[in-house]
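After this come two complexes, each holding chain A, first together with chain B and then together with chain C.
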Partner chain A sequence: MAQMGAAIEQPVEHTALITGSEAIAVACKLADVDVITAYPIRPYDTVMQYVAKLVANGELDCEYIVAESEHSQFEIVKHASAVGARVFCGSSGVGWMYAFEALTVTPALRIPMVAMVGNRALDDPGAFGVEHNDALAVRDLGWQLVWVDTAQEALDTALIAYRVAEDRRVFLPCAISCDGAFLTHSQALVKIPPQETVDAFLPRYNRGDLLLHPDNPITVAPQANEDWLMEIRRQNAAAMERAHDVILEAYAQFERIFGRRYGNPFFEEYETADADVVLVGMGTLSTPVKVAIRQMRKEGKRVGFVRVRWFRPFAAVELARTLGRFAAVGIVDRDFSFGSPYLSGVLATEVRAAMYPAVRRPPLLSFICGLGGREVTVPDVRRMTDLVYQAADGKQQASTQWIGLRE
Partner chain B sequence: MARLYAVEVVYRGIFQKTLAKNITRAIVLAAHREGKHGISFGRYGDSPERNGIPAKGFAIVADDELTLEEGMAKYEPKEVDVTICVDDTLCKGVESWAWYGLQPINRLLKPGGTLIVTSLETPERLIAMSHRKETPYKLAIVKGAASFSGLWVYKDDHTDARVLGAVARVLPELFSIGSLQETLRAENKKTGDLLAVSAQKSFDRTTTITVAPGQGNAEVPYSFEMPKWTEMREGIAIPAIAHGHQMTDETNGATGGFQPARNATFKKYLTRTMRPVVDFEKCIKCTLCWIACPDSVFDVTPEGLYDANLAACCGCGVCEAICPVEKCVTMVNETAFTDNASQWEAFRKDAPAYKSWLLTAIENRPERSHGFRYRGQYEEQIPAMIGNGGE
Partner chain C sequence: MDTMIDVPTQKLNPIKGVKKLPLEEFFTSGHRTCQGCESALVMKMMAKAAGPRTIVLGSTGCMYVANTTYYSTSWVVPWMHTQLGSSGSAAMGAAAGLKALMRKAKIKREPINVIAFCGDGGGADMGLSAISAALTHPDYNLLILMYDNESYANTDIQLSGSTPYGAHTTFSPPGKMKRIMHRRWKKNMAGMLAAGHPTCKYVATVCMSYALQATNSVRKALSIGGPTFIHSLDPCPKGWDYDPILSHELGELAVSTGVWPLYEVEEGVLKLTGRTKQIAEGRSERLPVREYLLKQGRFAHFTDDDLEYFQSKVDEMWEKWLIPGVIPFRKDADTATPVRDGGNGSA
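Showing the complex of A and B:
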């Protein structure tokens, strides 16, 4: 710990021009990950390429295993984590789906795996572009889910994810969602922290009495029926509940050690202080939204944006309190939930549920846009904002509207 | 006030699964002929496809549909009018595969309810095997060996009809012998008439005796506390079985051999119908039983003998099948025993007394077995069963 003070006093960081995927690979190196598994699928495969390069160059010392499928890929790291290894893996779209059985058992066994999901539309058709349905498919299983919108945030969030996931109070896996193309394949200037700073922030992974080791003989995942299952599920619910405060602690520590501030970890508020209406969304659509907001503000429209980072745990109370301040809210989903209430997106459905107990419940509109990586344009954002203003004025309209659709 | 009836069938998976289903189905159908409504189901968590596992099937019947719904609003009945036990070794207790400890055979019986057992044992023996109950109940015996006739192909030996005839006798409000016979004929086009005759014979012969409160096995059945969710280790992790250790011979202080450590909570009592009995004087220490046993049942004694640890044994009989010495390891029906005590310790304390006990146990053992040794045994026994009182 003596090093920690020195590191904070003498931060020697450098800046590199890297993609979001590369930033995740750099985070793996800084976190000194022990076991990494890979199986190619676009856009996640950019991460495995960068990791392979780091290993080949001798910059990262880890077991790097290219599995024969995503299912094995996630199973291998699950087992490695059970014996005490810090692990990383990731996938995209239907690759993530192919690992689904492994994805269900990972949180059940309290494995603090960190995974990167390069968000990609689910087949068919085999579109490469971003949709959030892949990562969202595990929303009910005990995975922590976080969305980032820049390469810098990808790197920082990966480090934070290890700290949160490996906290004994949590011990749940965490998937970091990075929008395909916009984040995985775009290079940006990223501040890379020195190793000492990371070491000061990130303790070693200690699996404690859950470590699968001859010196700690345990049986993991024996068959159990209805007389045990509720207790097991309740334990995991408690862990997810505790994750909320652990995330707050981790961001506070991150700010103290790295000097970079994220504010409220759960969602970012942009120009909301005086806003009449806001849009809500996740991931890289923040870029056109923020640009459009700056345009509209010059025209006198007081518009804000709330970017949800942590989808699980979902900060329902905080979000409901925040959104209650506005005259109307538009939720922009880069996903869909066929047949869901009001035929809306997943995020919109969650926000509606979060708002129900709130004292102030502004009108909510659900927007589906940018599917399969289609560009969300500044005019699209302006159009959505106009509709939200109309809702604020009490105009009746469809609860869910598709934006940027040829019709 | 509409009445609700519940009947349970306690049986051995997989061999008696069809038998149990035949009984619970016929109960519902016979009662339905008298205007009642009902359902028949097996306990899902029992995993009754497993060899020899104690399992339960239920018939719930009510005078009307609303009353039936009240009976269905639980996973399984909390009390029953009749418990049918189609393997008498289960009188010593029931251990579900989804495991809750040892449950007395008469646990669910209402005061004054009836326990019907298929057995060749005496009532006194069956009562002694069954745990004590605070309220009186009745015992009826359907005379015959346990029917293990149904593995993949069910061969009806009329155990179902005979048990059902006994139910009509002990609980006539549920259904009459006439309704039962109509049901058997309707459900079994070819054999219905014969089944109806068997049911009638059993109905005519069935008598009950009353078991008084406090009569029976005085032992408190093995049970354990289920921990709260906050008391359980997280991550679906449980302590593994520790390393084993040497054994000590209490008679001379000798140490040696090897006893594997075993799960302190999960102990077996009646997941088997038979247990291995070892003639230690015949043992040639070949190790085959020790190697072949899938449950690591055998403790290696200081002098290199193999003692079956019965808290770990599921009674599969592979030890008997693989033993090269005749009558060294013999599977003996569970009705012959009252505890899980070590045979080797008894042998070390008094070898002649042990030998005499052993010979008695082997000679008196009922023949019925579903183990490795008696493939085709059922066919061998049919003549004897037919001759058995003409039943």
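Showing the complex of A and C:
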């Protein structure tokens, strides 16, 4: 207990056993978010349950609105952000798709909203488990998309996301993808930073000359048509381009202020230094992959893993340079893209595109697995790795295989 | 922590007489609305009623597309586009944002009007659920104004849930087999919202043919606090197919034929207003609907049967509804309700 009249207390970090969803709710509190809107759909809705408790207990001072649909949920915070409020929102699966119109205009209006996607299959048929197609659906629209792996990373990334999104050079929304169940509902020990540290890292949201307020009577989103639309689109493209460096800056500042290091923000490399082959994937896939890699390394197989964090902006040059070091690469998609080139998943298609201008282009194998929340097992990872080794030896065509499928 | 601090509203007193209307305009030149557009007049008077400390949010529709051409906006107050079905959400978002920022002392504390407008397509069709949600939130001061020109007029006059029975629209053209393509009765939007949202303090119907009353209605809606709703009937030369010089007269006829009852529900108390009150009290004659309908090309295909049917439905509104013109419940089962054939001329 601190004594009465003691000197200024030093900011103290504390540790809590919380889920990925709760970690993001805590980040909302630390970021002093002003307006939050909720609508139920599993599994993301857990974040709003935690938010509601924080509000009810007076720990988070925000306007907390339970909307009547996801479309309204996103439209409400869009307008709150336009008048200068820091906002948070989120959804999962078809809920995210129900909001699609609002999601479309949010980046176009340069609204730096932060949202959580509790990744979920797009039913029908009904499935609560993780697939990445929900968040990936907005990949072309100006949303920054980041996938996280642990509750700690969820909390840290939410703070970083506000800093990046609200940077005037960017002013684009950011969706943080948390794998349904595997991350949204799994508890882990999380270091919760003191408020002072967060305040030192995260400046106030300043909408500047884009503020919608009687003191700044602007007209937002008029009819531009072919006269100006292309120039406006180009500005958004430039903002996304600038986001790359702003993300680098934000992680560097995060490391300096919080003392926690993420290395390359765009993708994590695990056991890649001496690897012959690697798997590439996103989100909590890393758990079985890392376990399998540790097993295989004991058997003398030099296997590594590259976990893509930021899907938008996509660090194509860095990723191509990294992947060029290996004899073969297997890309693991927890999503699908029917009819796409080589019938691959979305990530594989992106990586293949990123690799095209690279000097070294190892064989690429594409895997689709873990759909609808199906567990990706250690044997699944070993099987994929074997196929990648075969590709390195020229014994596998560069094609797409479904893993863990009932034949 | 005090989360219950209420942001006060502006106290906008009623304007007593046309000559007392402020001269200052907040919706000015730069728009491209049609000649005789009553909805543009709604925008002008709405902005005049609200004054400079106002944020206006506009759903997709005529009053978006025609009013806010890039680099020639007609809005003097801050204005933002919102999605077609989002007037309720837009108003709530802006009001909630302002409220949070004021409570947390991030911006100056002052009453700022928040108005979201929508057309009948954006309001009575697509945006109904968001408007309904907004009207249940007592914490936010906002006005949702639906300008009803009785069709999706901006996209080429397609029927909406607010288009009157039988009207010719591009989605309901009279043809050789079917004379009447649109067989739905117009949605009773204001009555539905007033009845369905008992904590909403103010719902009103207006028409710009009675501009002063409509302007004061906006002022009352903004002053009373909490979420409010106004439904304006706007004659539309393009969609209704008449000479633009008749806009004002058609608005008057809509009221004096009883097709468009004017009323307000303030803190749960219903008051019929203007000519509607006179009709209800027997001080003014309710004119036959044909005088209103036959001035409009959209009803040019109507036969005497169609006119009779339309008249009988309006008569029902006045003679059989529990609250005439407002709430369509009845005291007793009615067996004499006229039955319509398929409208294909083969009764």
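Quick notes
Quick note on the criterion: the second predicted complex is superposed on the first by the 393 of 407 C-alpha atoms of A that agree within 3 Å, B and C clash if a C-alpha of one lies under 4 Å from a C-alpha of the other, contacts with A are read in each partner's own complex, and residues count from 1 in each chain.
Simple rule for what comes next: contacts are C-beta pairs under 8 Å (C-beta built on N, C-alpha and C of every residue); 3 or more make two chains touch, one makes a residue touch a chain.
Since the structure is predicted, the reported quantities are computational estimates derived from the model, not experimental observations.
Within the superposed three-chain model, A:339 lies out of touch with both chain B and chain C [touch as defined at top]. Contacts of A:210 after superposition: chain B is touched, whereas chain C is not reached. Within the superposed three-chain model, A:125 lies out of touch with both chain B and chain C [touch as defined at top]. In the superposed pair of complexes, A:71 makes contact with chain C only, with no contact to chain B. After overlaying the two complexes on the shared chain, residue contacts for A:300 are found with neither chain B nor chain C. Within the superposed three-chain arrangement, the count of touched residues of chain A is higher for C, of the candidates chain B and chain C. When both complexes are overlaid on chain A, the residue A:394 reaches neither chain B nor chain C. In the overlay built on the shared chain, the residue A:80 is in contact with chain C alone; chain B does not reach it. Once the two complexes are overlaid on the shared chain, A:226 sits against chain B while remaining clear of chain C. Within the superposed three-chain model, A:234 lies in touch with chain B and out of touch with chain C [touch as defined at top]. 217-222, 224-225, 227-228 are the residues of chain A that lie in the contact sets of both chain B and chain C, per the superposition on chain A.
Interface residues of chain B, counted against chain A in their complex, comprise 45, 98, 100, 226-229, 232-242.
Those residues of chain A whose C-beta lies close enough to touch chain C in the complex are 32, 34-35, 55, 58, 61-63, 65, 67-69, 71-72, 75-85, 87, 101-102, 105, 204, 212-214, 216-225, 227-228.
Listing the residues of chain C that touch chain A in their complex gives 1, 3, 52-55, 57, 64-65, 68-71, 73, 75-83, 85-86, 88-94, 96-101, 103-104, 106-107, 112, 129-130, 132-133, 137, 139. Remark: chain A residues 108-110, 171, 209-210, 217-222, 224-228, 230-232, 234-235, 239 touch chain B in the complex.
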